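What follows is subunit A paired twice: with subunit B in the first complex and subunit C in the second.
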Partner chain A sequence: MGLGFAIGFVGVLILFHAAYSTIQYRALLKITEEEFSGSPLSVVFELSLGLLLCTWAALTVPGKLLCIHPDSEENRIVSLPANLDFMIFNHRGKIFPVEMNEKLRH
Partner chain B sequence: MVTKTEESQLNNLEIQVDNGGGGAWEYLSLVRKLKVRRSDKVLKHGLSILNDSNQRSKLGAEEWTLYEQVAVAAMDCLSLDVAQDCAKALRKRFPESKRVGRLEAMLLEAKGSWEMAEKAYTSLLEDNPLDQIIHKRRVAMAKAQGNISGAIEWLNKYLEIFMADHDAWRELAEVYLSLQMYKQAAFCYEEVILAQPTVPLYHLAYADVLYTLGGLENVQTAKKYYASTIDLTGGKNTRALFGVCLCTSAIAQLTKGKNKEDKEGSQLQSLAAKALEKDYKQRAPDKLSQLTTALKSLTLS
Partner chain C sequence: MAVHSGSGSSEKKSSNGVNELLTFNAENMQSNMKIIYYSRTFLSIIGGVVAGILGFTGLYGFVFYLLLMAFTSVGLIVKSKFSIHTYFDSWNRVLVDGFLGGLMSFVLFWTFAYDIAHIF
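This part shows the complex of A and B:
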């Protein structure tokens, strides 16, 4: 969790730095009076690195993804709960009483 | 609802606890959460926690939940002394509680003193006429005394007030099934499916009832519900696969001579048969020959 946050933070910082570099680059272009055709290669690389780090952090920080298929092992219902509200005690277990020698001691 | 992962988790924990590996409290919590009925184990492990004052004090306020759980489990195992002691301890802690009153009435039920239990429930209902659990206990009491028609009457009265209670619909369906009143049971299962359409076991139960009722239309509907069960379980429910095969052969028999061939139906059956064979090969190879003869007799007839 902490690691994910740290990496996400670094990613955001890198993105900001890339934006700042692009602005500076454009200011430089204005002085030399050249046309702006695209960011320099180093900024593009920085941008993709920042994006990668941010994506990784966004996928790991919120936790594990759960399966939504009804037939997956986590969601497949194999038995219903015993209807305990309608539980009756007058059943065939009476014939085979549980051997309980223990009692509640206080 | 108990899913596959939860079931295996419960079984693993049970083995661990039974062999003295610890984790009794986790096991008891899981039993409570999944609402399964394992009264003998709950009684054994719950009592050992309650008797150990060190472990008990660790639970904090959960201790009283455990008392209640153990009391009900003790009634189910007919260890009435333990149940009585638990109820006493709870009464000492919560002198005015209705919930403890309910537990004491259940204890009377377990002892078989029906009139006194009935009186206790009536007085509890006077205080709170909309207590669902007490209404349900009265149904259960009628059932325990063998008064099935009385139980049906109570349940119908209850369902007129609390129509959205799918557990009660399920109980009514099961009571009707025990009396072989399949039409009424089918109606109840329809209500249950409406309330919880994603539970494959309700589809399966409804299909079983329809298949038992018989008649071309019912069997056709049953086949559809078996198919939806297969859809929801990913083909891992053996009963539904067999159901599709049986329905197809029953439909073929009913429409014999009418020359109304249903090509899609036969394809569904062969697919189900293939899935069954694959499953048997994996899990019970020695019973595979029995399966193939059974399936052959279905297609021939």
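This part shows the complex of A and C:
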């Protein structure tokens, strides 16, 4: 988590530097009285590097995806809650068949 | 359970398709959706800054946004280890959700970065 955040921070810093380079490039063009036709290659390289680092951060920082299948290994209840007296088993969930036999066989 | 096992197996097979559609862990689903929105919003903002610094105007910016979102979708598919249906209930969650909300952030930061880098 901390690593992804740091990588994103570095990416944003690189983007800021690219913006600063572009501003300087514009100023240079103003002095030499040329038209802006496209960013210089170094800026394009910096931008793609920053975008890649930020993509990495955006995909890793939010956290892990969790399995949504009710009968997967991760979602099995391994410890009982403390308020067992208040638990009700006579509810509509009864009609869903539980795959108990498959689980016990492993 | 043991008593029902004989008659239950045929029932199970007939209702299996319905069960797979209806029952999934809603809490984990919400958490996954939150992760997707986070990724898309952050990448929209970063993409807007990049498009602004590169000096895209008009239609090129929107084409850039489309490419960026496609890239994000690929990234999310890789993040889910190519098994979408373990983590989401449909493909639309990965490919489409958060697209328009991200577009607003994109346009905001696109114009912002363009103004800073090229106009002022």
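Criterion: the second predicted complex is superposed on the first by the 65 of 106 C-alpha atoms of A that agree within 3 Å, B and C clash if a C-alpha of one lies under 4 Å from a C-alpha of the other, contacts with A are read in each partner's own complex, and residues count from 1 in each chain.
Everything that follows uses one rule, which is that a contact is a pair of C-beta atoms (placed from the backbone, for glycine too) under 8 Å apart; a residue touches a chain by one contact, two chains touch by 3 or more.
Please read all numbers here as calculations on a predicted model, not as lab measurements.
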{"item": "Touching partner for A:44 - first (subunit B), second (subunit C), both, neither", "value": "second"}
{"item": "Contacts of A:35 with subunit B and subunit C, given as first, second, both or neither", "value": "neither"}
{"item": "First (subunit B), second (subunit C), both or neither touched by A:70", "value": "both"}
{"item": "Subunit B versus subunit C as contact partner of A:62, first or second or both or neither", "value": "second"}
{"item": "Which of subunit B and subunit C A:97 touches, first, second, both or neither", "value": "both"}
{"item": "Subunit B versus subunit C as contact partner of A:22, first or second or both or neither", "value": "second"}
{"item": "Shared subunit A surface residues [contacts with subunit B and with subunit C]", "value": "69-70, 72, 75, 97-98, 100"}
{"item": "Sites on subunit A touched by subunit B in the complex", "value": "69-90, 93-94, 97-98, 100, 102-106"}
{"item": "Subunit A to subunit C touching residues, read off their complex", "value": "8, 11-12, 15, 18-19, 22-23, 26, 36, 38-39, 43-44, 47, 50-51, 54-55, 57-59, 61-63, 65-70, 72, 75, 96-98, 100-101"}
{"item": "Parts of subunit C lying in touch with subunit A, wherever the complex brings them together", "value": "1, 5, 8, 11-12, 15, 19, 23-25, 28-29, 31-32, 34-35, 38-39, 42-43, 46-47, 49-50, 53-55, 71-72, 75-76, 78-80, 86-89, 113, 116-118"}
{"item": "In the complex with subunit A, residue positions of subunit B that touch it", "value": "1-5, 7, 34-37, 40, 43-44, 47-48, 50-51, 72, 75-79, 81-82, 85-86, 89, 106, 109-110, 112, 132-133, 136-137, 139-141, 143-145, 167, 170-171, 174, 198-201, 231-236"}
